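Naming follows writing order (A, B, C, D and E), and every chain is counted from residue 1.
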Amino acid sequence: EDKTLYLGAYGGSTETLFNETLIPMWEEKTGAKVVYVPGKSTDTLAKLRAQEGAQELDVVFIDDGPMTQAIGFGYCETVNEATFDGLYDAARMPENKAVGVGIIATGLAYNTEIFAEKGWDAPTSWTDLADPKYKDMLSIPPITNGYGLHALIATAMMNGGGVDDIEPGFKAFEDTIAENVKVFEPSSGKMSELFQTGEIALSVWGSGRLKALADSGFPGAFAYPEEGGIKLLVTTCPVIDSDVPELAQDFVQFVTSPEAQKLIATTLAWAPVNKSVELTEEESSALPVGADIVDNLIEVDYAIVNSSRGEWTKSWTRRIEQ
Amino acid sequence: MRTLGPIALIFHAIFVAFIMAPLLMVIAVSFTDKGYLSLPTDGLSLRWFKAILDNPDFIEAFGMSVWLALFSATVAVIISVPAALALARHKFPGRELISAFLLSPLMIPHLVLGVAFLQFYSRIGLGGSFYGLAAAHIILVTPYALRLALASATGMSTDAEHAAMTLGASKFTVFRRITVPLILPGIAGGWILSFITSFDELTMSVFVASPSTQTLPVKMYNHITQTIDPLIASVSTVLIVLTFLLMLILDRFYGLDKIFIGKG
Amino acid sequence: MSTEKTPNTPYLLTAPGVLFFAALLGAPMIMTLLLSLHSYDFNLGVQSDWTFGNYAEVIGDPYFQKIFGRTFGLALWVTVICVAIGVPEAYVLSRLNPRWRSIFLLIVLGPLLISVVVRTLGWALFFGGSGILSMVSQALGFGDEPVSLMFTFTGMTIALVHVLVPFMVISVWASLQKIDPQSEDAAYSLGASKMTVLRRITLPQAMPGILSGSIIVFALTASAFATPAIIGGRRLKVVATAAYDEYLSTLNWPLGAAIAVLLLIANIAIIVSYNKLVERRFAKVFE
Amino acid sequence: MSFLKFDSLRKEFGDFVAVHDMSLSVERGEFISLLGPSGCGKTTTLQMVAGLLSPTSGKVILDGKDITNTPPNKRGLGIVFQSYALFPHMSALDNVAFGLEMRGVGKAERLERAHNALNQVKLGQFVDRFPKDMSGGQRQRVALARALVIEPPVLLLDEPLSNLDAKLREDMRIELRLLQQDLGVTTILVTHDQEEALSMSDRIVVMQQGDVSQVAAPLDLYERPLNSFVSDFVGKTNILQGKVTDKNVVSVNQIAVSVNTEAHVVGADVALSIRPEKFTMSSDNAGLPVRVKASIFMGASWLYSVESDMGELLVTQPNTGSAGFARGDSAYLAWEEGALTVFGGVQA
Amino acid sequence: MSFLKFDSLRKEFGDFVAVHDMSLSVERGEFISLLGPSGCGKTTTLQMVAGLLSPTSGKVILDGKDITNTPPNKRGLGIVFQSYALFPHMSALDNVAFGLEMRGVGKAERLERAHNALNQVKLGQFVDRFPKDMSGGQRQRVALARALVIEPPVLLLDEPLSNLDAKLREDMRIELRLLQQDLGVTTILVTHDQEEALSMSDRIVVMQQGDVSQVAAPLDLYERPLNSFVSDFVGKTNILQGKVTDKNVVSVNQIAVSVNTEAHVVGADVALSIRPEKFTMSSDNAGLPVRVKASIFMGASWLYSVESDMGELLVTQPNTGSAGFARGDSAYLAWEEGALTVFGGVQA
């Protein structure tokens, strides 16, 4: 009989790539059908929560931060060990309940045209966020969003703190950075619009996002701060109590396979988690790959972050988003 | 004495300009030749209209939205009009309660409704189905249909209805042949607001819609969660133009005026 | 209310709506209410205890107080503006030459035809830093600095008025159609100016429409999410954005549910009293 | 047994009693008029019969069946509303055809019958007009046609001709009376036009503040009113206060008037009534001398207000084609003894 | 110079001409009635004067000023609408006080004056009622009070008394006439009640299908109608077709009738008119023998329809207090020569 797999994953270019290329490949291989349920990480997580006990989704794609929560809530099935063969260790999520699909970096995106006009140099450091010349030209996502969380953590680190001592980050935001911020924009789509309408010239953003925008012809560039960008892992997990558990496992394995990884890397600019993917120099130029970048990427320990995230969010909304 | 003075006309012009301003901006952007949002300052292009054809899901989602909005608005009107008559013409115990209950969907953030519907509907097996989504939309738009029918029915003279009754018309016939035509402006207004609200609803539908029932706003939203491009503008432009054309044709053949104005 | 029917008529007439709502909205609402009575642990999720803690937290926290204050201030403000411009526009429309009337009626509905996302994009293009408004104001010499209404209370108000004023116009329009034009004629012949006729004769009779319109506008503003979120930005949070945060970012649904329930209660309290007030003040129009 | 019966019908609006316990029996095929001052409860009564207002208490019985709680659409009555109550969204033709449609009459037939009914009320050329494009009288005629076309067993007419000119009103009266007699329709007519009531009715019900004052055939009512209210209300009348000074003599302002006082004791205070047209007014030096205070031309007659020693009197005289008496003229009034009616006072 | 002038006033509704180029001059303080069949354009004319309908062509001149384009609120006229047009959301008192308020009359004074005006129309106890809780006649009186209270220089009354009973109507006529004369208000009254028009007006304008048929003082109009339409429309009349057979003799159905034929040539076809009340009907074997076909009681008089060799005739006879002739009775008609009017035919 026809088996159907429900896949909850990002909309937009991710959806396009999957629907047009990856899913047909997998369907042909397995004879099963895939229904794509688009949604950003938080939406998908909310759906898992709402449908507890009667899950519709079989496989989900969620950013590493929220995925840690999903695992904590017990929405994920353990990923077959075989899937991890040939993957970087960094692709493992806690308890092997999820696996990375691609690596993105959080860094600084900027409008090259405006920078040139104003005669500014490209940004180079997390500390640039505090530079008064960017007043009202800067957007940072709020910490409810992965990129925003990274910005706070990075700022804490620049000021002598870290995930276990976040206060210096808040202090810096309170004292200087928030002054510069025109809007704490959580939506990538809106962020892209803010760039396009000239509302902002600089933002804390993902490497993949900037590539997508630049691909449209927009004069934008991505800067890895010299202190290091922050690693963001796009992850996937098979959902518990699926009516097609084998297919779900198979699909998770499929998206981490070299052929899928190559396509993902070249189209979505997520750096591969599979060691055997080979990329040309041009192909890898937009990705957070290569020794100078990858080695420099800062890892976030979500075990610590998630335990204090409630507090952080509270402080953030009360102290920063004023 | 039913003519308008210059001040009224100037006011009207400013009002219309205010209403049109952002729409015109969006329409302008849809003709950009760039890959990103910009006003077409140096070149017009239809590339973003061609792009619609490359994205058939937009057309499919459009169809879904139209169908869903038609269905929801119609059902909402059907359940609202009798209720509006009851609320307009009778004082009865529980009147305020019923009225507040039927209006409550207006007063809860759609997101909260969306999540609650998703929870409940997936539990009772309506999850992901068209009828689940439609039920949610009907609930969401009923307040509009109700309030507008109420505005029309309130204070309406019952003379004509009485006359019809004495001529032998049953309650239902009176309702259908006399009451409805007399409060038609309210019913039509309510239907239109319901249709449009359903057509445009996003925040709740994000949760309740499933891939097989993806509406246009949900489709657009998913399209722009990561990046925004002029495709959104061109889709909207087509939508605006289509709607106006449709309405003009309807006007030509049926006279919207009659519907909006009612009697006569 | 001159027809005297059997006393259960109103219940029969409201039954379809009430039953439909009870079956399909009642349960989700009760679920939400129950949800709001549980506590939440960031790592473990919703707890099985019973508590009013979420309500205490929302009510006691100046942060939420400010958000509720802002929300209802905004709702009031938007409603007032919608009445101020929507009512005259409905009146103008009803007096327009029939040939133009339906066309303009459509134009008024225009903003509702396009998705909120696109509409706010239009505003961004219009009153963003490099938008038309800015260009015009610079060209007119109002200053060299770009003017931006994005992420301001004013911008948020304008955008909300823009999407909500059609609701007002259509509601009032429906009411205006009912008025016997001869009562206006009578007032003119007694020496009333156009303004006076509008104020003393037309508007009181259009009160049911104004009432409906303002209820819709108020309620929609108070529970609006997208426009405040996009045009207002996160610094100008309203109740719906706060609930959104709790639901989608912290996953603290009980707290989000408590916020929503409080919003609903406040909304109903305000709207029911307003409704009563107006119905009593204009009692004869409502009979 | 009577066909239509009101049994202690009563209607209160809040504190206000619009119709006091009213009872009346109407025979099948009878033509009854309700006559009474504005606001006395005529419309209210009619609406209770029609089933549009429910009585506070009392019953309506039609053909032996208690219909007090029968909905209006099951009563099968034809009604013309004082305010017309036309369907504003239907043409004249559709307004009239509506009742036939409700009775299941086929389209062709009902249009033809509606057309005929409109012809009958002289609106044959206005079938396609909408109410708002018609004159007051035209609307009223549509309302009339709408009620007549269904040929109901009972017709309730609330001032159905009030907005028609005299000519048309007369034509309509005749049409109505013919139709009523041909079909044997039991009819209740509310009218403020006494001539209409007097000329058309089998019996007239005079109402006063929600109460029935008198029920009688037209001539009886006019000639033998039960009390001075009826006498005054139905047709013009002169009411004179006097005292019985002797058998068959009443003194009014010291003037002795001969009148039959059989029913009254000597010394009783009584009221005399005499209708203005019962006087003969002439310049011949005979009878009561009067001076003309006002002279009003009424077409077929002249109405004079005259001063006399008996008080101010209204006098009607036929129009003989030339100008009548003028203000200030002197004249003399004569009358026959039988023209005087005596009310009140202590009965013998 | 006349106070109010209509100059070729014309109103078209689409193809339909409701008022043909109508001209009329009204003196200051004059009381004019518009009389005419239903739908002849009376309301339309009044509304043009009021400024509520704009004429298709023509002018309205008031006190020497062309007010054709003056908005109604600047004309200062008092108007009673045929459909009342009360403010449904205001009490009777507020309805009446509204016009005073517009004239800047202080609150205390305007309430008092409104109260008085309502007393004048006998609604003193209903000041707080709302229109929908009033009877038809009560509403009409509120409308009347509303127009009168502002004491306008010109009053336009569109059937203002049509829903009142005879008694009240008469009282109102008198109030109206007194007020009109006291204040010298120029008044245009639309009425379908001929008695009203004849008794109140200085002049009467008879309209027919949007045209003026005759303008004349009441007695003139009644006794010397310009044509058979007027004669027939104003008061009842018998129209007989005949031929002038000799000087001062017209033959009607072979019967020779004596009448003044000075204006007509022998051999001309003419119409004779005679009003029903100009006959004397008796059992004395004298005059034209007739047979009574229908006998209708009208209160102050009897109306008979009789058959004679001259054709069917309407006859009015005073009510003498006893039953009149009955159907089937034989009788004889007599009349004076001057009672006959001759129309049409070839003029001599």
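What we mean here is this: a residue touches a chain if its C-beta (ideal position, glycine included) is under 8 Å from a C-beta of that chain, and two chains touch if they have at least 3 such contacts.
Predicted model, so just to flag it, every value in this text is computed and none were measured.
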Distance in touch steps, counted as few as possible, from chain C out to chain E: 1
More contacts between chains, A-B or B-C: B-C
Centre-of-Cα separation between chain E and chain D, whole angstrom: 21
Computed distance of Cα centres, chain B from chain A, in Å: 36
Centroid distance [mean C-alpha coordinates] between chain E and chain A, Å: 90
Whole-Å separation of chain centres (CA-atom averages), chain B against chain D: 56
Per-residue multi-chain contacts in chain C, two or more chains: 2-3, 117, 121, 125, 131, 185, 188, 194, 205, 247-248, 253, 285, 287
Numbers and ranges of chain E residues touching at least 2 other chains: 51-52, 71-72, 83, 88, 132
Multi-chain contact residues (two or more partners), chain B: 1, 37, 115, 119, 155, 162, 221, 224, 228, 262
Chain E residues touching chain D - in the complex, by the definition given at the top: 13, 35-39, 42-44, 82-83, 133-138, 141, 158-159, 162-170, 192-195, 198-199, 218-219, 222-223, 232-236, 275-278, 296-301, 303, 316, 318-321, 323, 336, 338-339
Residues on chain C engaged by chain E in the complex (per definition of touch): 2, 180, 182-183, 185-194, 196-197, 200-201, 204-205, 282, 284-285, 287
Of all residues in chain C, those that touch chain A in their complex: 42-45, 63, 117, 121, 124-125, 128-131, 148, 150-151, 230, 233-235, 237, 245, 247-253
Chain D-touching residues of chain B, taken from the complex the two chains share: 159-160, 162-171, 173-174, 177-178, 181-182, 184, 262-264
Of all residues in chain B, those that touch chain C in their complex: 1-5, 8-9, 11-12, 15-16, 18-26, 29, 37, 39, 78-80, 82-83, 85-92, 94-96, 98-113, 115-117, 119-120, 135-136, 138-139, 142-144, 146-148, 150-152, 154-156, 158, 161-162, 185-186, 189-190, 192-193, 196-197, 199-200, 202-203, 216-217, 220-221, 224, 228, 232-233, 235-236, 239-240, 243-244, 247-248, 251, 255-257, 260-262
